[in-house]
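Chain naming follows the written order as A, B, C, D and E, and within any one chain the residues start at number 1.
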Amino acid sequence: MTTTRTLSDASHRLTGGSRTLDFHDSRGLVSRAISRGRPGLYTSYASDSALLNTPAKRWWTLVLLVIAVAAPFLIAADLTYLLTLAVIYALGGIGLNLLTGYAGQVSLGHAFFLGLGAYTAAVLGGAPGNVTWGLQWDLALVLPAAAIVPGVIGLIVAPLATRVRGLYLAVLTLGLLIVGEQLFKIMTPITGGQGVGRGVAERTLFGVDLDATYAIGPLVIRPETSFFYLSLVLLVVLGIAARNLMRGRYGRAFAAVRDRDIAAEVMGVNLLRTKTLAFALSSAYAGVAGALFSMLIGRIAPEQWNLFLSIDFLAVIVIGGIATISGTIIGACFVVLIPRVLEELTHIIPWITVSSGGLVNVFQLQTIIFGVLIILFITLEPRGLYGLWVRVRNYFKAWPFSY
Amino acid sequence: MTALLTVDDLTLRFGGSTALDGVSFDVQPGELFAVIGPNGAGKTSTFNCISGVYRPQEGSIALDGRSLLGRAPDEVARLGVARTFQNVELFDNLSVLDNLLLGRHQKTSYSWPEAMAWLGRSRRQEIAARRSVEDLIEFLDLASVRTMPVGILPYGIRKRIELGRALAMEPRLLLLDEPVAGMNSEETEDMARFILDIRTELGTAMIMVEHDMRLVMDLADRVMVIDFGKRIALGTPEVVQRDPAVIAAYLGGASDIVTDGLTDEVAR
Amino acid sequence: LSACTQVSPDDGDSDESMEGGEMVTGAGVTSDPCPDAVNADNGCIYLGVLSDLTEGPFAALAVPITDGQRAFWAQVNADGGIGGYDIDIDTYTRDTKYQAAEHSAQYQQIAGNIAGIAQSLGTVNTESVLPDMIERSLVTVPTSWWSGYAFEDYDDGIVMETGYSYCTEALVGLDWFAEANGSPTTVQAVGYPGDYGGDSAEGVQRWADLNGVTALEAIGTGPNQVVGNQDAVVAGVLAGSPDVVVLSVGPAETAEIVGKLAASGFQGRFLGSLPTWNPALLDSPAAPALTALYNHMSPYENWDGTSASIEAMKASLNGELPSNGGYIIGWAIGYPLKAALEAAADAGDLTPQGIAAVVDGLTVDFEGMLQPHTYGGDPQANANQAVNIGAPNAEVELGIETIEQFYTGPSFDQTDYSSACAASG
Amino acid sequence: MTLAVHNIEVVYEDVMLVVKGASIRIPRDGIVALLGANGAGKTSLLRAMTGLLNVHRGKISRGHVSIDERPVDVRSAPDVVRAGISQVMEGRRVFVEFTVEENLRVGAYTRSRAGIAEKLDRVYTMFPILGDRKAQRAGYLSGGEQQMLAIGRALMAEPHYILLDEPSLGLAPQIVEQIRDLIVDIRSSGTGVLLVEQNAAMALSIADHGYVMENGKIVMDAPAQALREDDDIREFYLGTGVGAGSLRDVKHYKRRKRWLS
Amino acid sequence: MSTLLSSLATGLGQGAVYALIAVSFVIIYRATGVLNFAQPALLILGTFATSVFATQIGLPFWLAVVLGVLIIAILSVGIERVAIRPMVGRPAFSAAIVTVGLFIVLLVVAFRLFDSQPRTVGDPWQLQVFCLGGEATESFGVVGCTGGVQIYQNAVGRVLIALVVIGLLGWWLSRSKLGLAMRATSLDQETALAQGISVGRMFSISWAIGGGLAALAGALLAANGSVVQATDALFALVALPAIIIGGLDSLRGAVVGGLIVGLSMALTKTYQTTFAPWLGTNFENVVPYLLMLIVLLVRPYGIFGTREVQRV
């Protein structure tokens, strides 16, 4: 790192060198005089750029994790199912956020990559059907493959996608989705065909059958619980990986490409490579999410990897917050859980029933409220739910001094 | 001493119009070279050609004997050319720190799997990058704004951040497009100081486009004047300043601003 | 992992209890009365409904189906309920939007709280949760007429299909057609690929093979929301000019296909599957063509039926008309589950397993709306194959006049009905 | 006849108070210069006068603007333009995808179509280079050309008051000269000018009156002549104070002097 | 040959409807920079309104269409005020998701209104055809055509209406200051404001026009010789490849794109089953997107779209 040294040395001299901060010390200690009264001041760059750089964040994360792990034992099975779905949406949402939120490439084709992941998993991990293939591999092989296959396809289509920008790209990716759906429909040995569908990968991980119920001491681990854990572990690992990726040079390159691509290039960022990476990674995340998604719902048909699924994921990242990983998780919870909350709430409204008469029935009401909530959240809080949280936090931080 | 940058017979056309018409010059290592000329003369286009944003139709550009022609901007950056932009081109949503760190993109080299793991090389390189960027923040006196998003900062500060971002690239050749535009004299003086410091302390060669004649005449080693894409003068500030062609095409009556009126004390 | 011990799945089920000394109950059955119970002294049996109620492609049919079902069970309750219990289907009625994922999520949510599923719409959707339904022994009435439900290897006997399959419908319908209009020389199937059009097309093919008739290559199409118009079908049918076309599409597509083919001078006729009709077609430009060329097939009696059940159903509406024949379906599909619940109650076991146990061999009487049907046993021998042939008629309520009741033909018995016509993937 | 700003306060995002009670007056027959360091709040003040604050999540928390002693509602930018106030925004802000001529036509949006040809001609004679490029997309113009276009566009609205945010930015000395004359012309044709400038020498050479803004406050309010002679102004804005010499000799640790801070 | 001509005619008729839908997207995009995903819902509500006026109230078709268009235009303006106006100055992408929310809400409303019933709009064309070179036949109350080129009257009607309406609109936009002002608004709202352009008004006008055109397209879509259901709303999405083929911000492009899509789908429908059945059922849905991909390879901004201006 001799070059760095030169610059540092130079700027030491440039600035007169009389500084309390010693940047050559790897811990970058700050003298007491400076840090006194400023608890928020970081004492080293490593801790400043650490993932959980404040005690509050560390606590929150720990608490949330504990809750997540304990959840399946505390709530009903169907809620576990929904939580799993939320986790999967979060995973897929993170993938889309990498591409759309961070790198600014709006994609309506996410569902296609989810589908690719699902079919990869189904072919490799599923049982053969009347017309469909199935190899019944272990999930330890299936899940990585479900990331790699869509990732590679993403890599292949990226050069085409990088030619166009903005809404052109959005509709181009929609085209990918439509063409993909047609392919899915005609590749009967893989997908079972239109209106028919096929079964999904079997839940065997490292030889352990996750479809069985296990007891560890007094804890009974049911199939839905173990699948939730599998998804949760993947979310935590891949979420942290994405967060790591985004706080370093790749994250900055993504943002640069998103905001001003010519300037980014002049700064030494290779546009094609950066966008391609974004595409491939996003597709890989989508693939894993798609594989889990298929295993959760149990049967997949070619029509279901459609525009609406893609839009669900866009809603996840917009509602949660563009270009934040934690926001994506919040957004996924919103999109998946709010309909359920609405269901609970609307069922207690006395004059609204399942009947088709009257002004609206309860399901129509739920759907309408869901749509309205999406509109409200986006119009009222530009940075998504995550932004709302940041705002609340900042309000308290800056509270006594609002200049 | 061999030239660091040699530009020869550079010609750039857009459809029918010619933006650059056979411009040639060279820049010596460590030199502070200024380019001036009327609006639309082709100064920024020259920068764009050097940094790979525009592809000139004719001519050659070589850095240290290596041709820059046909190279993508990111390759040119890798070879050691950094620049600032006339219309500040910062990443508005990113903090000052991140903008500067972007300048270190080429100086970090870990792969994406390493980035995901955030162990070993990626971590070391990030911390090193951060350290050198903090030095720059100190140098450019940006500490008070370092975590602010760049978008809301006033123009003058943004220009300075842009300089910092270019410096973070540790360039061998630095292109400055109107570094003091929109600054008052105090801020201009600060910027002048930064430029001089960069030059004396880092020895970076610089090409500067500027309409502030005081800055150009005081700082530059040599000045090139272009008009309608053609080079009309090249020489030391003193010589160029008196060149009648330059006065006619560029300084015009405005040479008064330099020589008399309110600012007459400035000119010797 | 060594600490883990595998346990059998139903170890966790501990909600079985004894009621009133002899009745065993499980999930979805409570001794508390239903919400808004008719018989306040009765307990409550909760049944699930998974249907397309808001914005999915089959909402037009599914909404009246669900209305019909509610009326049916209200009637059951009004008659005193079953074995000391009222039946509630409202609490666990859920909208699936006809999406497998949504269906699956909603199913998960209600599965533990119900004794059976009174309606499960869509073959792919139902199949996505079928393994779990089998595991929980949730007896289910499907609202899709895929042939696979007749076979135990697909549904383990818990799916109580009503009427015939699309495949049977085509076989028997063509028999009728040959009888009524003279044997065709060429037949052709037009439909949505998959469990609906696919099943039907296979029936057409089998009928043609049996009767030495040419079956032209089936034409696949999609709903207008997807394909815009049915010009491809029109061109395709015109090209082969078959004597009869068996349609398994939606009502709007039916009207367009029949109308445009008539306008193009097509000389053949049409047989439409159960979902191809909607009374509103009589207002469409194609109405004359439909009236002249089209016959509707239904396993259930049409609105002009005369059976006791049709009368009871009409009574439930107090003289109003439903928006389409879905209401009849909704009413009809109530019978099997009612019979199963009654049998299970008689046997003293209203657990899902108990209900599932009575299905095999159970004969359900539809009070004339549909011919009695015995579940389990030999699928071919027990198959329902009676088709009600109808013709459009603006004078008749809901627009279909029955011209042949419960027709059965010779061909079905000659086919090998031992597995699903259109296989699932 | 005056455009006056009374004791205005501007906050961004409900918390950042950046203009702290500024008052200025622009007579219809005068040129008023507004000087101030980077970030002093000049642009924010202009935005407050032209109804562009809400675009930036800012608002006027106190004070008001009046024309001829009658308050104007400055919350709606189009109304402000209709009331005769035009602004050349900081950073050029031309419509990059429009041609030069389309840009100019948009500038005349609030005026009737009659006479638009003459107005276009006037701009083209003022800036011949724009005339040469009238069919070119504005985004491809050079920085200075875009600046000329922005000024020309503001003139198309034939305003009573024109607010210029750093019009000389990026212009060649010769053109600056021209702009200076232009501004004088504008004034004499009966349009009041507010000139926000970093090129204080230029601004003060033609202004009748000047304000200096620091940290959101107006710290000096004096006739231009007085400002030209003020030592602090000479040192910090004109660069001609004591010890001014070659920029090569400037010390980087030079203490910054600030009023009231 | 006559098959070819017939299918070209139907294709043009469909294409005219697509062109209307595409223009309705483009007009909103040109003024607001937003791709309005609620457009399909507005379209189907337009169908509903027209249908109510024509078949329930019994007004003549033309009057019903005009009233339907007006009602939806007013509705659109209302929607824009409530849901889109707060998005001024925010990323177009977020605004697009707001329109998705709108779509969800409006579609449910449409389903409720349709009440599971297919509808007709009482159009004058019904299933009637022009028969060129063939023999006019009447079978079952349907006047048809055997042999020769068969052209549905509704195809002709659709093409004429679309051309007249779009032509008038284009003429008006190019003549009035409004056209320029709308585009200025979409390019840079702040600068547009500073020129005295009321951004809000531009939003309202473009939504009114966009909504009205969608309603008109909805009415024409229902004039198909059959019936229309609420789900048919989704069909409006085929306008997306059309606007990309033509160029997102170009009216001319939208028309050309719409016609290309209509024709290509019609031709595929007629010939794919014979020539390439292995491409699968409903392959025609994919064709517009394939064409779009090809166009984008050659011209990343569509045939008539404006290239994004970028320079540093």
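Just so we're on the same page, contacts are C-beta pairs under 8 Å (C-beta built on N, C-alpha and C of every residue); 3 or more make two chains touch, one makes a residue touch a chain.
Protein names from UniProt, one per chain: A, E = Branched-chain amino acid ABC transporter permease; B, D = ABC transporter ATP-binding protein.
Because the structure is a prediction, the values reported are computed rather than measured.
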Just tell me the minimum hop count from subunit C to subunit D, counting one hop per pair of touching chains.
2
Looking at the contacts, which chains touch subunit B and subunit C alike?
A, E
Chain whose averaged C-alpha position falls nearest the assembly-wide average:
A
Taking contacts as defined above, which has more of them, C-E or A-E?
C-E
Subunit A and subunit C have mean C-alpha positions lying a whole-number Å distance apart equal to 39
Averaged-CA centre spacing for the pair subunit D and subunit A, given as whole angstrom:
46
Taking the mean of the C-alpha atoms as each chain's centre, how many Å separate subunit B from subunit D?
27
Averaging only over C-alpha atoms, locate the centres of subunit D and subunit E and give their separation in whole Å.
45
Taking each residue of subunit A in turn, which ones touch at least two of the other chains?
185, 194, 262-263, 266, 356, 364, 367
Please set out, as single numbers or ranges, the residues of subunit C touching at least two other chains.
54-55, 63-64, 193, 220
Where subunit D touches two or more other chains simultaneously, the residues are 140
Would you mind writing out the residues of subunit E in touch with subunit B in their complex?
311-312
Can you list the residues on subunit C that touch subunit E in the complex?
54-57, 59-61, 63-64, 193, 217, 219-229, 231-232, 235-236, 239, 250-253, 255-256, 259-260, 262-265, 278, 280-281, 283-289, 291-293, 323-324, 326
Any idea which subunit B residues touch subunit E in the complex?
44, 48, 53, 85-87, 89
Touch list for subunit D against partner subunit B, complex:
12, 35, 37-40, 43, 90-92, 129, 140-145, 147-148, 166, 169-177, 198, 200-202, 204-205, 228, 235-240, 244, 246-248, 250-252, 254, 256
Which stretch or stretches of subunit E touch subunit C in the complex?
3, 7, 10, 14, 55, 107-108, 111, 114-120, 126-129, 137, 139-146, 150, 152, 224-235, 238, 265-266, 268-270, 272-274, 277, 281-282, 284-285
